[in-house]
Amino acid sequence: MTDTYDPTRTAVLLVDPYNDFLSEGGKIWPAVRQVATDVGLLDNLRAVVAAGRRAELRIAFVPHRRWQEGDYEDWDHPNPTQRLVQERHSFARGTWGGEFHQDLQPADGDVIVQEHWAQSGFANTDLDFRLKQHGITHVIVIGLLANTCIESTSRYAMELGYHVTLVRDATAAFMPEMMHAAHELNGPTYAHTITTTTELLRTLENGDH
Amino acid sequence: MTDTYDPTRTAVLLVDPYNDFLSEGGKIWPAVRQVATDVGLLDNLRAVVAAGRRAELRIAFVPHRRWQEGDYEDWDHPNPTQRLVQERHSFARGTWGGEFHQDLQPADGDVIVQEHWAQSGFANTDLDFRLKQHGITHVIVIGLLANTCIESTSRYAMELGYHVTLVRDATAAFMPEMMHAAHELNGPTYAHTITTTTELLRTLENGDH
Amino acid sequence: MTDTYDPTRTAVLLVDPYNDFLSEGGKIWPAVRQVATDVGLLDNLRAVVAAGRRAELRIAFVPHRRWQEGDYEDWDHPNPTQRLVQERHSFARGTWGGEFHQDLQPADGDVIVQEHWAQSGFANTDLDFRLKQHGITHVIVIGLLANTCIESTSRYAMELGYHVTLVRDATAAFMPEMMHAAHELNGPTYAHTITTTTELLRTLENGDH
Amino acid sequence: MTDTYDPTRTAVLLVDPYNDFLSEGGKIWPAVRQVATDVGLLDNLRAVVAAGRRAELRIAFVPHRRWQEGDYEDWDHPNPTQRLVQERHSFARGTWGGEFHQDLQPADGDVIVQEHWAQSGFANTDLDFRLKQHGITHVIVIGLLANTCIESTSRYAMELGYHVTLVRDATAAFMPEMMHAAHELNGPTYAHTITTTTELLRTLENGDH
């Protein structure tokens, strides 16, 4: 882990830190609980964001579309995940499930990007544009889910020319083999760095930047 | 498999059908040989393209950047795969490895899109634009590799609003668990249909469109 | 005007129909009043939207970013228009100026796209994606301003593969020569049809579709 | 003109410097000759590129699609300019007209981007990606035509988050009023700087960067 992160060029992308994903009582929490608990997800998300703030990295919130009445209903071909969101009302706008976790709240200067309709936080949103206005060239992508939104956001980041860092234990998935696929099979083909929360914090705090 | 394919709206995207990937003597053939042989890749690619032509689907060739002198050399952060291409000279322009397999050649009316630098055939190319000029809304994505270019091209297709079909045995990967990840773990989250060559041919040939 | 509009493939893009632009008392109304009055802008916008609804075209609202506290403040290089918005608080969120004109309100089934930060309704938004999910290939672009948001949205539409119709008197600008530039100098180089409200209504109402 | 250009962040985008546009005998030269001669276009293009090289700015060649047999023929709706290209075989591949002017040739380290199908050098090409791999945030856009490819490339650059400089006399158009529209009516709404060759050279050569 000899990568270093210039704070003027690096952003932490915090993807979908919703109560529905992260909190007891959230609609999708039961499906991620096992992996999330095993890796220490919430502690690690808190730690990466806090370390990012100390290192003066830009923090960007990258939220999924909050479901609202009418969404997807007259679309020609919503994808399977969108059909589930339509049924379950995941991240419903105006509900607790569609709010960010209480420990992962925006602060002044953070970038709150437009909501994404599917998996990639860059697709059909202003994420790339907002990062450019802050001079960002390197992104550290954390949040949920490892093999869907984190992976698509990260694949897009690479295609858009960004340097991409994945953090193995600052994400989760429905099954351990999805984590394996994300970090051992697919991540190494497109991401520039795959690290852990502990290692990332060491890098950020060593002033290696 | 009750999906049907309107020939006026459907294209087959044939990704990276290079000798380096598909032919004895190709640079990357040794790494894909086992899976490719197990699934009957070359026969299936020939069969899907032929059936697509009979059903009058649009065929689009979606080629990776053919390596040439200077590529990647002064880039700030090529990704790991690009570094390998730079070392190995994969799909080198002007060489046999960088030519399409002799059984997978363009015909009149096919769309030959610009070369992609990384994994997604849509990123930084004219693929979306060319499909729009042919009224395409549904894509069947075949070729190589299942968990890299096929997956990124398909993830992008979904984000761009296309209906996406994957064909399990008209692709290959370096390891069987990468095929499993592509078709059992990740594909179901973004693709609209995951089928086999046999089923796809039955659909196309039943005139179900 | 032999173009016809298939209602299953055509959308009206209504760009920035804000009180700040269209209503007495709006912040930018004084700057567009002369041209808007001369062409009969508001009547024509009402007429095109109404005719579009009767012809069962999809109506898409394409709104500029509503100014809110903090916007642009820490950007590296907002453009000149963004600096003006920052000073004037144009289309301020939560104010009357940032509401759609009372006669140009969304109805059930309309598409409300994400807000754009600059001139093109396609840039950094979900407009292309939303149109694809409705099978749209042809767009009729109306609203404000002729040489900024209408022109950039239309230039983008063409580059993205859409058939583009401009309507000379369903838009306005700060000066008559900007209208001339939009419709006589630039429009003919990228738009497929440049028409008037009267002609467009005749086409839509003749059932020529 | 107090802007300065950090050579590590700035690129000159040289758009469509083809013989068909710039040289006696070129297919489109008669249509641009008057304006091009009046502004001293060729001398100014040579001067900006030379000054850019001395200041160690990145030079990017941004070429229009070179016409080849079959182009546009089965498209659903080529735009008016594309229909003209189809008739005239503008910038025909393999011909002198489709070659860069002899005084505007690529050098080692220049970026040669994919060909664009319409007006914007960013649309459906790898231009944004290639600029990102060189850390570019500021672009100086020169070449042809002022109100078509230069304007669309520049409007896109702004939407993509770049700082945009136009150079009044390092471009041309079919009519003087098109130059006026580009630099007096439209440019000021999206470009960050509008300058002249003389002023730009002074800035670049003063080491103001």
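The chains carry the letters A, B, C and D, assigned in the order they are written, with residues numbered from 1 in each.
Here is the rule we use: contacts are C-beta pairs under 8 Å (C-beta built on N, C-alpha and C of every residue); 3 or more make two chains touch, one makes a residue touch a chain.
Small disclaimer: the values here were computed from a predicted structure and weren't measured.
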*Which chains make contact with subunit C and with subunit D at once?*
A, B
*A-B or B-D: which has the larger count of contacting C-beta pairs?*
A-B
*Compared with subunit A, which chain's mean CA position is the farthest off?*
D
_Centre-to-centre distance between subunit D and subunit A (centres being mean Cα positions), rounded to whole Å_ = 38
*Using the average of all C-alpha atoms in each chain as its centre, how far is it in Å between subunit B and subunit D?*
33
*Please compute the C-alpha centroid of subunit A, do the same for subunit B, then give the distance between them in whole Å.*
28
*Overlap residues in subunit D, where contacts from two or more other chains coincide*: 76-77, 117, 123-124, 128-129, 132-133, 135, 137, 159-160
*Which residues of subunit B touch subunit C in the complex?*
128-133, 135, 137, 159-162
*Can you check the complex and tell me which residues of subunit C touch subunit A?*
70, 74-78, 108-109, 114-115, 117, 123-126, 128-129, 132-135
_If we count contacts the way the header does, which residues on subunit B are in touch with subunit A in the complex?_
76-77, 79-81, 117-120, 123-124, 137, 147-148, 151-152, 155-156, 158-160, 163-164, 175, 177-178, 181, 185-186, 188-192
